[in-house]
Structures are given as structure tokens and as C-alpha cells.
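The first chain written gets the first letter, and so on, giving A, B and C; residue counts start at 1 in each chain.
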Amino acid sequence: MNLTKLEQIFDNLWPVNRSITGPGLRESLHIIQNEMPVDIERIPSGTQVYDWKIPPEWTIRDARLTGPDGVVYADFAENNLSVVNYSTPVDDHMRLSELDSHLYSIESLPDATPRVTTYYNRDWGFCFPQSIRDSMPKQGEYHAYIDSELDPSGSLDFAHGLIEGDTNEEILLSTYLCHGSLANDNLSGPIAMVSLYNQIKKWQDRRYTYRFVIVPETIGSLAYLNRYGGHLVDNVISGCVLTCLGGPKPSLSYKLSREGDSLIDNVIKYLSKIKSDRQISIRQFDTRGSDERQYCSPGFNLPVGQFAKTVYGEYKEYHTSSDDKQFMNISSVAESINEINQYLRIIDKAGLFEATIQHGEPMLSKRELYPTINSPNIDIRLPNTDSTRDQPRILDMMRLINFADGNENLIEAARKYEIPPHRYISTVELLLANDLLRYCTDKS
Amino acid sequence: MNLTKLEQIFDNLWPVNRSITGPGLRESLHIIQNEMPVDIERIPSGTQVYDWKIPPEWTIRDARLTGPDGVVYADFAENNLSVVNYSTPVDDHMRLSELDSHLYSIESLPDATPRVTTYYNRDWGFCFPQSIRDSMPKQGEYHAYIDSELDPSGSLDFAHGLIEGDTNEEILLSTYLCHGSLANDNLSGPIAMVSLYNQIKKWQDRRYTYRFVIVPETIGSLAYLNRYGGHLVDNVISGCVLTCLGGPKPSLSYKLSREGDSLIDNVIKYLSKIKSDRQISIRQFDTRGSDERQYCSPGFNLPVGQFAKTVYGEYKEYHTSSDDKQFMNISSVAESINEINQYLRIIDKAGLFEATIQHGEPMLSKRELYPTINSPNIDIRLPNTDSTRDQPRILDMMRLINFADGNENLIEAARKYEIPPHRYISTVELLLANDLLRYCTDKS
Amino acid sequence: MNLTKLEQIFDNLWPVNRSITGPGLRESLHIIQNEMPVDIERIPSGTQVYDWKIPPEWTIRDARLTGPDGVVYADFAENNLSVVNYSTPVDDHMRLSELDSHLYSIESLPDATPRVTTYYNRDWGFCFPQSIRDSMPKQGEYHAYIDSELDPSGSLDFAHGLIEGDTNEEILLSTYLCHGSLANDNLSGPIAMVSLYNQIKKWQDRRYTYRFVIVPETIGSLAYLNRYGGHLVDNVISGCVLTCLGGPKPSLSYKLSREGDSLIDNVIKYLSKIKSDRQISIRQFDTRGSDERQYCSPGFNLPVGQFAKTVYGEYKEYHTSSDDKQFMNISSVAESINEINQYLRIIDKAGLFEATIQHGEPMLSKRELYPTINSPNIDIRLPNTDSTRDQPRILDMMRLINFADGNENLIEAARKYEIPPHRYISTVELLLANDLLRYCTDKS
């Protein structure tokens, strides 16, 4: 998926007013559905999901804050961040002093509009840059107008899709779509997911089944778990949340899952030790973050980590109108996508394998994987190949075969013997092609 | 329990002639019984306790060593250390050369009387300072006189008591009482136990049941195990021996239990890494020590460590008359008591807990534990509290809830996330008060 | 077994033409059988052993390469390395250019004849020093003559023997015998095995049963596993392959078994940390090596490591005629033998033990293993022994008794408490003699 295509999807999603429920969320999910096959499902407002309840569906049609001087200081039609998300309707005149507790701006970022939400408590408010707030007349009456609606018979919507692999074991990719016009956090995740769907679909082979989930953050993943949690617990062997994949940071980082030793965790730990231009770094598991907080709640404890580049909370533009397309940078997201695609390719070949010959070494020479003559001054090489490259390759083969007893993920052999990723992958493929390795599943 | 009270108990115990059996031991246990409710039990002499046998009960009425010059060189009436503990009766005249193998003094500490015992082999002797020994006439006959008795129909006595908690899981506190007039080793332990009993009794809540055991060392803990070992194995989740709690060393140390990873072990390991004025240090488990040697014998393998300050064998006054009240220092023991009380408070809140909501995060805002409005420039704070302090507190809550799957002691969360003890305790209390945590017991 | 005897066995084996099958192998095994009682068994050519097949038996009677000038450039009668091992018969005249791909020499070692084999692919060839090759006339016809035979109704032979111990648990010693006239790699192994057999036979006591296996490398150990693998899996608790035990390197190294934490692994890890003149070092497990590759294939995963001194592949004379008696050095092998004998002695006393008294400490004084009088200025000592030596010894006893719960090899106590080997061994013997320890087997 090229940059132009990515940018087009971004531009389609950008202006839509989104929340954790409502028509904007549905419209956004349909934009996604145009790019990858997903099912869209809904859960009625009022449904209990564990300790939470799906809130009424929020619709907003119009909103503005007009000053005593007739100036419109905040206008939903121009910027959907201008209204506190989930604001109740209001149509009232009041002095600035009364209004003050309903206004949000950031002194340290005087030109940015903050993103403010009040999902679970009835309230309303306007958001705008501090520079505008400073210009507001102190005297006279303001007109606060919000034409919104909280519908208790509405729903929460989410989307999900699958790419099937050779086995039912699943890799879960999850992202969220609920913030308004915000780029790094949030649109970088969904556009990366669409692109990864299309790349994974093109892989020549896939051991695992790939599950793609797009939900509003927190309440959406809780709703998803409520409906599909049992299936995920039975099938997901690794997963990741995609968030904040663009921005100025040079390279990706990965937040470990709660247990920290699943397939994806260990592959990324291994990769983080391999010298590379774009070396990925590791963040420890913690309870700040995105939907991995729900996937990794103790009752599910799913092996789900999180990829991010310019991480939430670590940049000043976070949750403000300054987190825009320029800040996010489509190219930066595209690089993240390519790296995550490569990591997933490795994960797909990094799980439990069993050597087909468990007793004694396999005889490699009869498969033309070992020289038929043994002499101290002949480099060990495969027939018809370049001798200087094959000596390590034969050793790699023997090491992976010896390691593959089905008890530990095969990537641990790469870690133990310091086999770099490209040699690891090509050796696994060579051994699979020669029927010397086979998949196996956790015996536990 | 104030210093004056502690000193009064010390002064009552000090002059009593004690051994591993006999009237002095019984009198000492009654002094304890006046300060805390304990049951006193006895095991008859001759009873087999594992590889050992309860010895005959020792009574001594009088003893002195008189020189050819009429000088009394050692006198039991003046110092109960003057006679080898468990001496058989003797009333005999002999020359110094014959007497020599029955005399004990220490060249390197010429003014101290050593403590010498012969519990399991019939023998007798006198102990005195080397300075006195040097003054004894070489010629003439000495009169060795010991009026003692070894009664095969006597008994060994011990005392024990309980403070009940919310659960039957027990914390064992054990100390010994058998040495004669020795302060750091031995009276610091029993006076600390009496004081800890009174402090723990006053705690507002107690998860665990606290067991207090006072026995003569070694044979007494063997006897106790012989009678109550099965119960201890079923119920004790952590314990400690109290010994040598005073003296000039500035801070306490803790000797790990045999397994080294029980609740108490891990709490103290965590505390030993937290910067503090009186940082506790860790000693590895070893087979030198006190009654933890019996509790930690492989057949019991109880999770019992040991607290000490100026450790046995590591000071020159050890097991001599110089280990007196001045050396021990009542204030030093009082400090140890306060610290151990604090450690036990933490241990009481450090065990296995389960979050009441295991699936997904609990919704904190509906419990007024999280702000209802979410904005990038509002510090996360609890309603009606100081915002600068609450951001870490909310994170602490979320971390402890996420950690509490009932599989690992909750203190490991404090260790992992480097939560200091006061914040840890207050967060656990807050979560318990909000029904977000509950006790659970080891599933294994 | 003295140096002269070792050298005599070496000299008997040296001239025999050996391969992985054939009369030379049989003759070599009979030479071994003269020195230690072993059974010699055979497996017919053509037998499938896991992924391999026993090849036809190879016999060679004569071979030479004669130049157009009548000079014999390679002569089997003079040096059995002159012919590629497993060469098919040939009697042909050809030019040097045609012959070239059948000739083997080493440019960097111009005076050495390489060892070349072609066990599983029909081929033939001659080996000689590069210096001779350089002198060969470029013009004219050469006569290549090899009088050999590959008999499909032959067999592969191997030898094995046992020394029984108190238990059926086995220590496996395995070496190979198939290379021609090569000293460090290969004859150092078989002569060490003969010598170790004779030393172990003389030990006063043996807990374990010792199994001695001599096979042709790779195919021989596969054949052995095919016949005895089930028995080995049930009984072998540790083992080692003996290879390359001489040469100029000053000290032995040990290659860990695949699991790396068996009895032998842990004993050698412990020894490698103890300061000593001939400190053994540790090599990690890998799939280069000798027959441990088969023993440690995942289906067997036997706890078998490998001892070597001047390690295969790490010296330039490896697999050439320069790996001769002078390079190997009989004294160097003799030193290795003595060290391995000592290591095995420790291993024999390093396994699972249970203290006979599990509840409470045993009363040592009634066994005369502890003083009957306890005084601060008397060194703790055993009755009638030197006091300065016995204080650590009593502590050693108490530590080993406390450790011996039958769950972990007792050597871990030596490692934990840093008890040196000689003190460890003598304490175990003392405790066994006093019925304070007993053998036990893995409960798992």
C-alpha cells in the first residue's frame, strides 16, 4: 500500500467527528470496510460489560460558543475538538465567570485546542486555544449552544476481520478509532492496520490466523472481550495493540505483554538485541496505555503487547489539535508499518516446531544439505552453493533441528546461538521445505 | 510499651537462674505470663523428640569453689554463670592440677565470666574471669562444692499464645529463654516478644493470626515442633525467630528462611532495597543460628527467618557476663521492636490478593477514584484531594489491581513498580475499603 | 595404569587401518577387549538406524598411486591415510588433469596428509602432502590402483562393558574408534577409557553403575542408541563423551549437555569456579562435536556432555597426519585421565541424598561428631581430632544435612556454601558412615 493510498484513507477519516459511540464512529468503520473486509457489529447501549456499561449513543449536530461581541469563539462545524466529547445539550446565556468551569485550553500550548471527554458523567463544555480564550471579553453574556443527544437505545459499534492461516492459532492485531481529528494518536493506528491487512494477505504462506480488531478505546475492547474473550483466550498466541505509529521519534518501541514471555514478547526481545538501523526498543508492561490494559487484565491475561513510535503522553502535542497530519507524518507511519510487517513475518516462523527426526541427527547429505566428502581443508558447503556462506548455514540447520523438541519457541534458538533474523528465517524455510521441521502446538 | 516498662520486665528476668529445664525456666515463663496471655505446657524428661531426648530436669541450690586460702573463687549465689550449666553434684577436695579441666575462663577477655553448658553429658565445672584464675594459689587443696540435682521425672516447659486475625493463616514469632544472666543474647528476644504482642493486639485490623512461642533454645523448639509441628506446617505462612535485638549495631538484619522466597523473605528483600534511615540488611540462610535451624530442618522446612541486630558470634561479649544490660541497651531493643512491628504491618498486607474484578479494568470513576472528565492539562486526581499526590496514587491502584491475580504475593507488585511502603500500604487499604481487592489463599 | 602401559596400548592401536566398519575396526576393538572386559556386538550393513542406514562393510587390501615416472606418490601400505576412507575399487590410468578431483592435500600444511572420508557416497581418492603433490609430473599417465571392497552383507561393530555399583543408575562413558592413524583425535579417547575403566574398578565404593561404550563415531552411536537407547533413557543420570584428551592445551574443558543442568553439568560448573592449578573450563552446548550430538538429539536428550583438552577444530593439525603421538603426548592424556577420574569420584557422591533425620537437626554429640561441652572459647571440634580443622567440618556437616531433602543434587550445597571438593567428599563420606545420609532417587 503506497503512501498516496495511505494518505487518502487518512484524509477520508480526518474530518469525521468520532466518539466511542455514534454516527461518526459508524461512518469511520465504513471507511475502513472499504479498504479491508471486516464485519461491523454493535452492542446496545445499556449493556453491562464486566464492571462497565455501554453508554447512551452520542449524536451532535451543531455547537458554538458566541460572545457578547457576537464573535463565535468555538465552533463545532470548524473543528470537532471544539466541544467536549459527550457534551449534553445546552442552550443558555451566562456570564464568563459562570461559563469558566466549562472551558478548556492549555496555557503552555496557547495555539492548540485540547481534546476533552466526559463519557460517563453528564457534563458539557467547549475547548479552544488559550490565545483565543485570552481575547474573550470579560463582561456581557455568552451564548452556549450545543445541539446534541444521548440516546439510551443506541449502540456501540466495532469492526473485525480475519485472514486465515494454516492453523487456528491466532495473532491478534487491535487498534482503536474514537478520537476526533487527531493524527498520531489516533489515526496512525487504523491506517496501519488497513495496510498491514493488505500486506499479510499477500504473504506466500501463513502459519497463523490473523485477527484484526477496530474498536473505540477502552469500552470498545471491553465490549469486544465480552463477546469474543473466550475465543481469544482459546486461540490467541500473541497479539499487539497498534497506537501512535508516526511522529518524529526515529524508531518503534514495543511494550511487553503482562506475562512478558509470549511468542511476540520473545521475538521482539531477540530483535531488540540485534544490531540494526532501526533497532526496536522494549518498554516494560505497565497499566498506562491503550487497549492492552483490557486484554491484559488478570482474568484474560492475553499475550498482547503494543507497538508505538512517538508514544502517547511523551510528546507535548498529545491529545491536542497539534497532533495533526504534519506532526504524524505519513512517511513515518509507513516505515512503522513496514517494520511491523517484518516483525510479524518473523513471529510467523518463530513458534513451536518439532524436528521431524527426533532420534539422532537427520542425515543431511542424502538431502543435499551437507557435503558427501569430508576433508579438513574443504569448507563445509551445500552442493552447488557458495561455500563461504554455507558453513554458518549448515550450523544453523543443525542448531535449529537440535533445538526443535516442541517445548520452546524456536526463536529461542536464534537468541541462544545469536543467529540474525534473515539467516533464521531462511533456515526455517529451508528446513520446512525439506520436511525436517513441522509445526506443533503447546503441549501444556 | 514504653522503655520503663520494658526495663522493668528485663530487670525481673535478669537475676533468675535459667537453663533448658528447671525451676528458673518456669519462673521466667511466669514473668512473661504476667505481661501477655500465654499457655505454659510441659513435656516430661525422657520424652523422645525426633533424634533427641528431653534431659532430666536440672535444679541447683548452691555452688562455690573455695581455695586453700579460704577465698571463694566462684560463687553461684553471686553470679549464676559461675557454674557450668547442668553440672552434676560434687563435694570434693582436690589440687588445682586435678581441678583444671573443670575450670573455664577466657584469656582474651580477662574480666568476663564465660557461659558454659553441658546439657547432654554428665560433667561439672566452674566459670570465672581469667583475672581471678590467675590469682589462684597453685598449691594446696580446693573445695569444689555443687549442690545440684538431675531429676529424670522432671520436665521441659514452654509457653505460647495467639492473637487471632481474619484468617487461620499464621505468622509465627518464636524466641528462646534459657540462658542465665545474659542480655542481648538472650533477654532482648523475650522482652521484644512481649512488646510486639501488645502492639499487634492494638492493630485496627489483622489478616493473619499471630502465634507467639517462647521455648528453651534447640531442645525447646524441637519439643514444640514435636507437639505442634503438624499444625505449623498446615498454617504458618511466614515466621521469624527473635534473637540478639539490642547492642551497638545501628540496624537490624534478617536471615532468610531455608527456601528464601516466602512472604516474609520477599517483603524484607523489598524493604532492604528501599532507601531508609534504618535500612534492614539480608543474611543468607545458613545452619548457624537459633531455633530457625529446627523450624527449617528439611522435614518441616517452615518459612521462618530470623531478626537480629548485634548478631550472635559477631561480638566479643557473646556468651559471657559482659553481654549485660549496658551492652544490650534497652533503647536499642525498643528501636528494633518498632521496626519489626512496622515490618509485620507490611507483611500483613503483602500476601495473596485477588482483584474482585478480574475481567477488564474496574471503572474507577464511578467509585470516585478517577476523574470524570479527561483532559490533557488536568492532572489525574481523585475527587476532593490534592492533585499532585494523587496521580501516582491512581497509577498505584491500577498497578496493584492488574497484578492481583492471586498467583503471587502482592508485595511483588510494589517491588516491580518500586512503590514505597507507605504508598503501598495506603493503596491496599484504599482498594480493600472499596471492595476492589480481596484476600485469597495459595491455590497450590 | 602407568604411562608405559598406556603407550603400549596406543602403539598397538596406531598402525591399524580403521574405518566406521571393517576388519580394522574389529581388530581395534579386540585390542581394547584385551585391556578391559567388553562385549563386542555387530549390526548388519543395511540396517536402518533412525534416519541413517548402516553402510556396506569396507575392506581395503592395497592401494597406490603411481606416476608416469614410476614413482609411488601415495601408498596405503605406508600410511593408511593415503587413501580416501571408504574408497571404491579402482584400477585405471589417467592424466593428472583427470585425476585432480580425486587428490587431497593441504596448501597451508605442506607436509601433512589430510584425513578424507566418503562414507555415504561412492567415490575414491588419494591423500598426500602438498609438498609431494607439487613434485608430481604434469605430463603422462598415472596409475590409480585401489583394491577395496564394499560388502553389503557386512556389519558395523561396537564394544561396551559395565562396572556395577550400588544402584542401577548409570554414568555413561562413550568414546569412538574409527579414524585411521590419528592420535589426539582419535586414539586419546579409547586409551583414556581403558585407563578409566581400570581406575573406577578399583574405587572402594561406587554408588552408580558405569557404562563404557566404544563405537565408530556418529553412525556407531546411532547404532548403539538404536539398540540400547531405551535402556539409556531409563537409567543414565549423567554421561560424557571422551575426545581429544591430549595435545598442548594445559587443561581440560567440558562441553555442557543439551539441558545443561544434569548432575555432571552441575558438578563441573561447580568445579570450574573453584580455584585450582588445572581449572576446568566450560563450553556451551552446541551441535558441533562428537557423539554427544546423537545422545543429545531431542528424542533422547540424554544428560551427556563431553570432555576434551586440545579441542577438535581448534588446532591446525586436526584431521591430518600431524596429529600424531608426539603432538598428542601420552603424558598429557595421562593427566586428563587422572582429572576425569577425580571428577567422576565427585560425581559419584554428588547426586540426590536424603538426610536420614528430616525433622529437626540430628544430635551430633551422641555420635561423637560434636563437642559435649559448649563454651565460647572452646573451638567446636570433633572428639580426638584437630580442633582447627574441625570447626568448618562441623558446619559442613550441618549444611549438607540441612540441604539433603532429596529434591536437589547435594553438590548444590557445596556450590551454595562454597565448600571445596576435598572437604565436600570427606564430609559426605563421614555422614554416610554415620548413617546420617542415604541415597535417594529423583522423585519426578
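Here is the rule we use: a contact is a pair of C-beta atoms (placed from the backbone, for glycine too) under 8 Å apart; a residue touches a chain by one contact, two chains touch by 3 or more.
Worth saying up front: this structure is predicted, and the values here are computed from it rather than measured.
Q: Taking all residue numbers used at the chain A/chain B interface, answer same if over half belong to both copies and different if under half do.
A: Shared-number fraction below one half, so different.
Q: Rounded to the nearest 5 degrees, what angle rotates chain A onto chain C on CA?
A: 120
Q: If you average the CA atoms of chain A and of chain B, how far apart do the two points sit, in angstrom?
A: 54
Q: Using the touch rule from the top of the page, what residues of chain A touch 2 or more other chains?
A: None at all.
Q: Spell out the part of chain B that touches chain A in their complex, as residue ranges.
A: Within the complex, chain B contacts chain A at residues 355, 357-363, 365-366, 372-377, 395, 398-399, 401-405, 417.
Q: Can you check the complex and tell me which residues of chain A touch chain B?
A: So the residues of chain A in touch with chain B come to 49-52, 84, 104, 106-108, 114-121, 123, 125, 218, 222, 225, 229, 258, 286-288, 293-294, 296-301, 318-320.
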